[in-house]
Structure formats: structure tokens, C-alpha cells
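Naming follows writing order (A, B, C and D), and every chain is counted from residue 1.
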Amino acid sequence: METFSDGVFAIAATLLVLEIGVTARDSQDLGSALLHLWPSYLAYATSFITIGIIWMNHHTCVDTLRRVDRTLLFINLLLLMTVAFLPFPTKLVAQHLNKPGESAAVYAYAATFVVMAVIYNIWWRYARGHRRLIADDVPDTRIRAISRAFDPGPPIYAITFGVAFISPLASVFLTFAIAAFYLPSAALFERGGEPG
Amino acid sequence: METFSDGVFAIAATLLVLEIGVTARDSQDLGSALLHLWPSYLAYATSFITIGIIWMNHHTCVDTLRRVDRTLLFINLLLLMTVAFLPFPTKLVAQHLNKPGESAAVYAYAATFVVMAVIYNIWWRYARGHRRLIADDVPDTRIRAISRAFDPGPPIYAITFGVAFISPLASVFLTFAIAAFYLPSAALFERGGEPG
Amino acid sequence: METFSDGVFAIAATLLVLEIGVTARDSQDLGSALLHLWPSYLAYATSFITIGIIWMNHHTCVDTLRRVDRTLLFINLLLLMTVAFLPFPTKLVAQHLNKPGESAAVYAYAATFVVMAVIYNIWWRYARGHRRLIADDVPDTRIRAISRAFDPGPPIYAITFGVAFISPLASVFLTFAIAAFYLPSAALFERGGEPG
Amino acid sequence: METFSDGVFAIAATLLVLEIGVTARDSQDLGSALLHLWPSYLAYATSFITIGIIWMNHHTCVDTLRRVDRTLLFINLLLLMTVAFLPFPTKLVAQHLNKPGESAAVYAYAATFVVMAVIYNIWWRYARGHRRLIADDVPDTRIRAISRAFDPGPPIYAITFGVAFISPLASVFLTFAIAAFYLPSAALFERGGEPG
């Protein structure tokens, strides 16, 4: 499960850069064109950091598993399908933020994060339910600690979706702030261990 | 064999997202343009899930092997070449379904699945023939169980190809249904085991 | 050395599909447009199979090494840089074969293969020279057998380059024939072993 | 940490080739158009070699670590985000060197290298500070040797940034020379060891 997952996470994150582009007619004042690309940079950083942290979090969860079953593999595939889809709404935000089409682009972006958070929660709830797939030597306290980091995901991204109705720009900044400040402290807590 | 195969599967699946695109003139009504992209989403999900399941199935098969030989490696390379080709017919379906060129796009899409299923069957038949490459401790019942999951592949995809002559749209929905409902139960049966 | 190399080989092979494309104006007769894309399919298959076989061959060679040194790592990086470059001349052939610009496209394609074969030979000659980096338990007969598979590479691709002056089309078909018939027998000889 | 990092390095390096392109109107004199693409080849080689060497260097550093912590993982993610961004300024240089927009393109290119060098230094300084994350059996002499290879990075790339104000072309050649001549000797010193 992990090699394919690792690959998809790394590739999806790295493909994000392809959404950043200038057109030929920007050549005359390329410096100014590059500054006006700030929505591309914001969307790139937001999506990249989010994918990176989901990936690290995914490893933390898989480390607690004793085995995987058919259902978990299929939910995992749906999760990866959502992660691999992220470069598309990221490109929408990059191209439309502060321009016509802004609202639809940010709705699509926020909705993708909501779907991702929901599938990720289902994935983890399925694995930990009745300790179905959890290794015997993993204490309940650790499972609960991981769950505490997971639970706020769907409501938080639902809020970013709601904020998009008031201000698309604020919604994207909020998503960036979650990636840069909230996720690292929530998802990476108590990590650390052997390198590699 | 597995690292290169894993890489190709993961990359081909993740490149699929690049086929989804809106053009600059969609900006004025981006929301509506995004809804009209449903053939892209359908093609993306169908191809992504199919690649994911073939990949998991590939691991199941490789786990039964004692060794690989030159012929198997070459058949494997042809299989990967077909999988890595899939983003192209997927893009054709995304761009032409419900539009001019629909029939040719879906023929190409269905034909790619037929070729993939045939090469995959040849790959497995070669490996299991006279237990040529099968590890000694793998029981015949397991080999037969895997074969039962493989055998329907070519005829099923031949049917989706045939359906394309009557209704291209129905052919794509059928391919999606196979990926979402048939493949998980057929190919993933009796999986489960150590995570990783 | 191997994880980065594996990644580059797999990604370069899978990116090849991005060179195949139809334009919007092909929609009216997409079926015919797809048939006229045969140079794209030929270039795709030729480059994909060549990269796949170089990758398998690379593993065979690395398995004979006791250690790597700074020089070998740098030559390896140059080899990977050439492999990762291949999607570009492949795209040139796909777009220009049987069209204006055909000669220049095929020169670039053949020249890339010549450079790749030369760097790959330097890589192996450096590693095996005075058994500099060869593991002690690898017999000289095995080293010589690998070298016999390597030596014809540069002259063979020099011939495809020369043929391009007479007939660009024949040069590409010859490169395809080398990938499909010669390389598998030369490079994969005496492989086989543990799966994985 | 390493699988995701390996993936991002390999993918970012291989995506660089996508920046090289000729347009349809170049068909009539494709040979001449290919020669005029030299800025693309220069930018490709410079970025590819730099990423390759950073990647090898990253492995050398990770091998000295006893464990990783939350902070190091987050700095690592920022480093990867910068590496994965490199294809964009590389494309700018490929398209604008010796053409309008040259200065802005090279400023962006050089600035990306400065940021990469600074984040990479912070990453290593954090890891080695008070031997925070360094394995016990790694001698101080080895840590100091690695640090000596790291320290010149930011000032060297600051110079390439400064040179861009005088001559953008000279700045890119200098960045290439650093990748081809300085980095291999500084970063790869005392490497060598088990293959793989």
C-alpha cells in the first residue's frame, strides 16, 4: 500500500508547479508579470504543504496497522484519487483568484479539501474501529491521540468552504494558514523517531 | 521489477489529472464550465481506479513468483507501456465525450483496456504455465483463484468495446462500473495481510 | 544511487505519453487524426522500451558493484540527465516525422541515443576498470559478459544516426527494431532470479 | 522522510524537460530552431545537475541522523517545496534568456537558488546544533566536514544573484559552472561506500 501511496503523494505535490505559467505576451514586462502571479505562488505553497503533511500523517497511521484489508485498500485508493486531483483545483485558483471566475475556482478548491478530509477520516475510522486493523502493541492512547488530530479536519475545511461564499481570497488565505500553522502542530505532534 | 513497475503505475495514475483543463474563455462562467467538464471527471476516476487496482493485483501476482526470467520482464515492460499510455486515450474521452469525435475517442479508450487486459493475461499465463516461475510454497488453489480473477478481463473489456459501437457514453459508464464495482471484488479478493 | 535512478527512469518513461496530442481542429474527424498520429506511437514505443531495458540493465550492473565513488555518481548523474532528456527528442520525432523538419528531428533523436550509449559505456568502463568498484565475489566471466552486451551500443546507435541522413523514417524504424529485438536479447541475457 | 524526498527530487529533475519546447512555426527550419534553443539546454543541465547533487548531499546528511523531529520534518518540507518549484524559474530562463524579459527571468532563477541554499543550511544547522539529531557514532570531524561543504552555498548563490544585475547571461553560466565543477567536489567529497 505504501509504495504506491508514496509515489502518488510525491508526484501530485511536484506536478503542482506545472500550474504556474506566464504567457508569451508577458515578455515585455516579465518582472511585473511575475509579481502578478502571486495567486499561483499562494496556491502552490498551500497545496504542496498540505499534501506533504497528509503524507507524513499517512505514514504515522500506517505504522499503527497490523494488516490491511480489501476495504481499507479501496478507501485508500479513493483518498489517493482525491490527492492526485488536487493539482486541478490548485490551477483554477492560480488562474482565477482576483480575476473573473474567482468564486467557482475557490469553491472547487475548498470542496476538494473537504472531500479529502472526509475520505481520510473514513479511512482512519475504518482502520481503528473495534481496533479492526490496529497492531496489538499500539496503545489505545496513541490511537486516541491520532484521532484527536483527525477529527477537526472536516469541520475546519467546511469552514474554509463557507468562508469562500463571503470572500474567496480569505478562504484561500485561511487554507494556507491551516497548512502552515495548524496542520504541522496537530498532525506532526509526537512524531520523531528513526530517520528514514 | 517492482520498483520500476510501482513508479510507472503511480506516475501514470497521477498524470491523469493533467488531462483536465478549462480554457481562458471559460472564465466568465467558470462554475458552469466546471460542471460541463463531467466527462473529464468520469474519465479521470475510471482510469485512476483501474490503474490502482491493476497495481494492487500486480503485487499479489508478483508475491507468488519464485523468480523472474527474461521473457516475463519483457512482457511486463509491454504491460507497463500500455498502462503508461492510458493518460492519452483518457484525455481523448475527457475532451470528446458528448462532443464531435466521441466515437473514435471511446474506441481508442476501450481498445487500450482490451490490449491491457490481454497483455496482463499473457503475463500471468506465462508465469503460471507449468508453474514455471511460481514459488514452491504457493498452493495450486491460490494460483487458480488468481486465474479466476484474471480470466474475465479480456472478454469484459471486449464487451465495453462492443458497447461503444452502440453508445460511446454507455461504454464509458460501463468501464467506470467495472472499475468501481467489479474489479475491487474480483481482483482484491482474499487480499489483506501485512501493511506496506 | 538506485532510488533516484529508479525514479528518473520510471518518470522519464511515463512522461513520454505527454508528447502524444491531437489539436482541437482534429475533432471533426478524430478517427482519421488518431491514425495519422502513428509517428507518435512509434516514437513512444521506441523510447519507452529503450528506457525500460536500460533501466533493467542498470540494475544488473549495479548488482555487481562493491561500492560507488564520487566519479561514478557524477557519471551516473550525466546518464540520468540524458535519459530524462529523451522525452524532448521523442516529441520532436512524434511531431515532425513524415512532415517538415523531419531530418532535424531524427538527427536530434538519434544523437540523443548515441550520447546515452556513450555515457553508459563510460559509466560501466569506469566501474569495471581494474575491477575498481566490482564486488569480490563477482567472477570475471560475468563482467566480460556484461561488457559484451555494452560494447555494441555506441556503434549501433552511430549507425542509426548515419541512416538518418539517407532516410529519417528508416532510422526511427531501426531504433525501434533495436529496442524491440536486439536490446532484449543482448541486455537481458542471463537475467532471471528473485522477483522484485 | 526519505521516500517522499527521493520522489520529489527525482520528479522535479525529470519534469525539467517539459520546459523545452519548439512551436509549430519552427517546422520549416527545425534544425536552426533547435540550435536557438541553447538557453533551454543550459537551464536544463544546470537545474538537473544541481538537483541531483542536492539529492545526493541530502542522503549524506540524513545518514548522520539518529532521529528526526517535527521541526526538521517541516524545514525539510520547505526545502522540497523550493526544489519542486525549480522547474518554473528554469522555464523562465529557457524562454527569456537572450530575449525580452531576460533580467527578471534570471533574477527569479538566482533567487530560487539563494532560497534553496538558505533553507538547506537552516535544515542542516538545526539538525547538527548541539548534535541535537546526530547519531552518537558519527564523529564531530564528519559533521564539520559536511558543514564546510554547506557554508559556502548561500554566499555563492548570492553572488550569482548579484552577477545577474550586471549580466544575466553570465549569472546563468556561473550557476552552471557551480553545478558542474564546484558542487561535485564540495558536496560529494568523501562519499563512496555501499552501492544503492
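By our rule, a residue touches a chain if its C-beta (ideal position, glycine included) is under 8 Å from a C-beta of that chain, and two chains touch if they have at least 3 such contacts.
Please read all numbers here as calculations on a predicted model, not as lab measurements.
Peer 1: So chain C and chain D: same face meeting same face, with over half the numbers shared, or different?
Peer 2: Copies use mostly different positions to touch.
Peer 1: State, to the nearest whole Å, the distance from the C-alpha centre of chain A to the C-alpha centre of chain C.
Peer 2: That gives a centre separation of 36 Å.
Peer 1: Approximately how many whole Å separate the CA-defined centres of chain B and chain C?
Peer 2: Chain centres of chain B and chain C, defined by C-alpha means, are spaced 26 Å apart.
Peer 1: Counting only residues that touch at least two other chains, what does the list for chain C look like?
Peer 2: Counting only residues that touch two or more other chains, chain C contributes 6-7, 11, 15, 18.
Peer 1: When you draw the chains as points and link the ones that touch, which shape shows up: line, ring, star, complete, or other?
Peer 2: ring
Peer 1: Hey, which residues of chain C end up touching chain B in the complex?
Peer 2: Within the complex, chain C contacts chain B at residues 6-7, 9-11, 13-18, 20, 22, 26-31, 33-34, 44-45, 48-49, 52-53, 55-56, 184, 188-189, 191-196.
Peer 1: Residues of chain A touching chain B in their complex?
Peer 2: 1-4, 6-8, 11-12, 15, 18, 62, 65-70, 73-74, 77, 80-81, 84-88, 92, 96, 99-101, 103-105, 107-108, 133
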